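In the two complexes that follow, subunit A is the common piece, with subunit B as its partner first and subunit C second.
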Partner chain A sequence: MKKHNFLHKHQKTLAPLLSLVLIILVTASITPGFLSLRIVDGHLFGSLLDILHRATPTALVALGMAVVIGTRGIDLSVGAVIAISGAVTAVLTVNTDFPVWLVILCALGTGIICGLWNGILVSVFNIQPIVATLILMVAGRGIAQMITEGQIVTFHSDVLDAIGNGYFLAFPIRVWIAIGMIALTVLVMRKTALGLFIEAVGANVRASRLVGIEARLLVLSAYVFSGFCAAMSGIILAADIRGADANNAGLWLELDAILAVVLAGASLAGGRIYLLLTIVGVLIIQTLTTAILTSGLPAQYNLVVKATIILAVLLIQSPKTRQWLSGIFLKNKNAGSAGKASTDKGSTRA
Partner chain B sequence: MQSLSVRPSLPWLGAFKRKAVLTTFSVLLPVLSASAMAADLTIGFSQIGSESGWRTSETESIKAEAERRGYDLKFSDAQQKQENQIKAVRSFIAQGVDGILLAPVVETGWDQVLKEAQRAKIPVVLIDRGVAADPSLYLTKVASDFKEEGALAASWLAAKTNGRCNIVELQGSVGSSAAIDRKTGFDSVISNFPNMTITRSQSGSFTRAGGKEVMESFLKAEGGAKNICALFAHNDDMALGAILAMKEAGVKPTKDILVVSIDAVPDIFKAMADGEANATIELNPHLGGPAFDAILASQDGKKVDKWIKANGPLYLPDTAAAEYAKRK
Partner chain C sequence: MINERNLPILATLLVFIMLYGFGMYQYQGFRDTLVFSNLLTDNAFLIITAIGMTFVILSGGIDLSVGSMIAFIGVLMAYLITNTGMHPLFAIGIALVVGVAFGAIMGVIIAFFEIQAFIVTLAGMFLFRGLAYLINLDAVPIDHPFIAGLYDIYVPLPGRGGLTFIAMAMLVLLALGILIARRTRFGMSVYALGGDSHSAALLGVPVKKTIIKIYALSGFYSAMSGVIFAIYTSSAYPLAAVGVELDAIAAVVIGGTLLTGGVGYVFGTFLGGMIQGIIQTLITFDGSLNSWWTKLAVGGLLLFFILLQKGIVVWVRKRSAA
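== the complex of A and B ==
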């Protein structure tokens, strides 16, 4: 009984985690060697590591997206910001003598400026977030194309190579960067009042203003944070292919990021976000992508298979399905004492 | 009312006037050579935009060819919008040009404007892409044959490996005509060789990042390079991404895995010069010459094929350094 209560209490947390484990296990049964990890040149090598490696850009973007969604907003421009920061990284590396740290700083600064633009449109001019960020989503890719003059700008830099594909303590450096960023965000959002404020603003702006929360500044900083995260992701993606591809870098990544936040159980109506589960959501999406690529499935089925599995995960998490499932579970468990079952059901729900 | 009904529409008038001028010239100056007469041609060119390096070089090549021949080229950049292209074609008709080059952004929705050009007796030459319209509505299409490109890549690979090879394939965007036809052409050739098989095939969406990610998964799934003899990528950018993936997995491109791709973008020549790619087939951007020749032929009343194939050559590493210097 006690174990059952634990399951029930943590259903929300367990559902995405179980989905992830299930997807990995099913893939492993289809693709032999999917779980195998070995050491090559002093670092881990295998499909599981690929998932972590490929998931970092989406994870960073999803982190920013989660905070923005917490304020009842949405940031559609992250893909475009990735393209811009990648373009800035490449063009500055190729055309100037700037040291690498300055190039990275400039690229991150571009992300912050983009975030400021979004934030000001939303918090100062009260434009609906989906419209406000749509502007940069459309224009941003054009800005990136202007910076690269429509070409793929390739560059060479040892530090950027390391960020894109280097290893530290057997794991990719970019995974360490993402872990650091996640830890920092969780710390600030959960161990200080800031997280509470952000969720409060998302849940009810007027009420939070009445208790003295400066909503405008909070919303603004959420978009700045999202722009910063997207810029980080843009640097990593450019470093990954050693070039800035303004047309394709981060294309549709905003949708993956939003999906990850939702898979974690967040509400798009704001006020409720789960940072670590968002990362689990990112891993679910990336595992699916990698699994499909290694499985030998014909290319034209990729999207349909991916969508079907995502739909299944979302259905498992919907409150209606869970209610229904736990109903069946309880009935079976207490089949011997039918009378007790109804009271039991009542008490666990309360 | 009556005057309105007999007044010819403006395009008609333009066509009539131009014909008259040409006829007068040819009657009064019979000694004038054909090339000098051709110098009078005014051509309208509606380009999709400048979304890729290839398209930019196509535009530049056509402009240069027009200048070389002394034509008056009216250029219009549609910025990826069909409505802009339709507007441009209508304005070319109104200006009474001698011919129109159209690089259609999409396949459908051209019937009306093509009919207008036909009524004005202005030949339309489609550049590098086709349209889903009655072939009688346009003069010809000047474009590469993607199937032949795929077949050429496969032929080179068959010769290089003596018809014995496990191939991994990076497809272009699912459903695009370049991806479908390059695959069909490639498959048609390797089907003649029982020991040539495609062991893995996935879409890398024509991008470097896509090519890299898919190649990484191929290398994992096949347990390294020992079971892969060659990579066929539907474009150079995916091949360049895949080369990065190979190097990071400790696999030597061209030594462990042969690399053949299509397009001939500048960076693939650099890769070939560095010994990291084996062959590329040019997607020919020099379409101006054949297009102008087709317009001249139609003016002379000659029959023009509905598809003028303008395929590019296969490049190998021996000329790569020189080609890279030329194209950079």
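== the complex of A and C ==
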């Protein structure tokens, strides 16, 4: 009974984690050597590490997206911001003799400016988030192409190479960067009042304003944070291929990021967000992608599988389905033992 | 009659006339009917998609799956015609039925499971693109005398221009859209739903049924757009029409439809699509500007119209408060 309660309480947390474990196990049974890790020259190698490596850009974007979704918003422009910050990184590295740290600062700065733009449209002008961020999504790739003058700018820099593909303590450096960023965000969101405030704004703007929360500033800063995360992801992606591709960098990444946040059980209607589970969501998506690729299925199955899984998760998560299911469940119970019905009602509704 | 309801569409009309006038003033070639008829043909698939999107946005929803739908329908049509030797008319019929069915399924999920349209159609976007890949990975030509025949239909206009089959199909679908929006009970329900779904329900609008119909209609229009696109390019490609959903949304917004729903005109969407086409044509005529300027200009116009809408809403609220 106690175990049952535990499962019930942590149902939401366990579902994504179990899905991840399940997907990894299934893939491992299909693909021999999927779980094996080996150390070459002090670097870890293996499919699992490859998943971590590839998941970092999405993880960073999803982190910002989770915070924005927590405020009942959405940021469609992250893909475009990735293209812009990548373009800034490449062009500054090639055309100026700025030191690398300054280049990175400038790229992060453009991300912050993009976030400010979105945030001002949403919080000051009260434009719906989908629409407000749509503007930058449409225009952003144009801006990125203007920066690169329509070319794919390739560059060389040792530091950026290290960020893209280097290793530190057996793990890729970019994974360390992502871990650091995740830890910092979780710390700020969970150990300070900021996280609570952001969720409060997402749950009920008016109520949170009445208790004295500066809602506008919080919403603004959520978008700035998302822009910052996207810029970071853009630098990593540009460093990875040693070039900036204004058309394709970060294409569809916003969708993966939103999907990860939803997989983690967050409601798009704002309120509670789950940062660590969002990362689990990112890993699920990346594992699926890798699994489809390594299992020998044609790559084109990727999208269909992904879409089917999103739809399934959405349908399961829908309050309507739950009501419906618990309705059926209750009926069965009632038919079985009428006396216990009242206590069962309590536990199934909980 | 100038009131706050048709102020956005008047602004759209003004932008349209100004851009077209600028083109006529600046370039000799712009004064020929050829430019106008080319605009009709080249933007037909975008405008058709955007007409369906207008109904969705009028009801307060959004449909992100339209671009993928265009590609999927094109590839499906090519498969049916080339691999099964089906007559194109049947293939088109099947493609349209499939489009309507998929739209209706998304509508059912949105209406009955109460999941946001945004995320459901996002999943649809993945799914249709994936299905297109499953049928075919490469660009394939659609080679059939019937399709070529459609392509050859041409009604000359004074000057060097003329109406192609594609342009005429678009105009017919536009007229149909205006009729549905203005002259049917369903059209009224769409406007009521976008204004306030609660009041609409209280007034006896069948909310769920209307939502399903709206997405089925959007499915029909984007499938039709897929057919037109396939005729226009005489080929099918699973990566076709990437990002068209955004262009369509932009056309609707630039056309003066309020993004919160309830206010707007199908004809405005036509103007919105044409404006995007004019911008592209102007940039081509200029020759020195790169194509990315189109994206910037469209983004700028989008911002302008959204701020205009906001301004009007605030103004109306202030006036009614006074």
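In the analysis below, the second predicted complex is superposed on the first by the 310 of 350 C-alpha atoms of A that agree within 3 Å, B and C clash if a C-alpha of one lies under 4 Å from a C-alpha of the other, contacts with A are read in each partner's own complex, and residues count from 1 in each chain.
Everything below uses one rule, namely that contacts are C-beta pairs under 8 Å (C-beta built on N, C-alpha and C of every residue); 3 or more make two chains touch, one makes a residue touch a chain.
All values reported here derive from a predicted model rather than from experimental measurement.
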item: Superposed partners subunit B and subunit C on subunit A - clash or fit; value: clash
item: Partner chain(s) touched by A:V211 [first = subunit B, second = subunit C, both, neither]; value: neither
item: First (subunit B), second (subunit C), both or neither touched by A:G296; value: first
item: Partner chain in contact with A:T31 - subunit B first, subunit C second, else both or neither; value: first
item: Touching partner for A:N126 - first (subunit B), second (subunit C), both, neither; value: second
item: Touching partner for A:I241 - first (subunit B), second (subunit C), both, neither; value: first
item: Which superposed partner A:K320 touches (first subunit B, second subunit C, both, neither); value: second
item: Touched partner set for A:G150, first subunit B, second subunit C, both or neither; value: both
item: More subunit A residues in contact [subunit B versus subunit C]; value: C
item: Touched partner set for A:L169, first subunit B, second subunit C, both or neither; value: neither
item: When the two complexes are fitted on chain A, the stretch of subunit C hitting subunit B, from 207-215, 225-233, 243-251 or 261-269; value: 225-233
item: On subunit A, positions contacted by subunit B and by subunit C; value: 150, 300, 302
item: Residues of subunit C that touch subunit A when the two form their complex; value: 62, 109, 112-116, 118-120, 122-127, 129-131, 133-134, 137, 246, 249-250, 253, 259-260, 290, 292-296, 298-300, 302-303, 306-307, 310
item: Residues on subunit A engaged by subunit C in the complex (per definition of touch); value: 74, 125-128, 130-132, 134-143, 145-146, 150, 246, 255, 258, 262, 268-269, 300-308, 310-311, 314-315, 318-321
item: Contact set on subunit A toward subunit B in their complex; value: 31, 33, 40-41, 45-47, 50, 54, 150-152, 154, 165, 237, 240-243, 245, 247-249, 289-290, 293-294, 296, 298-300, 302
item: Subunit A contact footprint on subunit B (complex, rising order); value: 50-53, 56, 171, 174-175, 200-203, 205, 207-210, 212-214, 216-218, 220-221, 223, 237, 240-241, 244, 248-250, 267
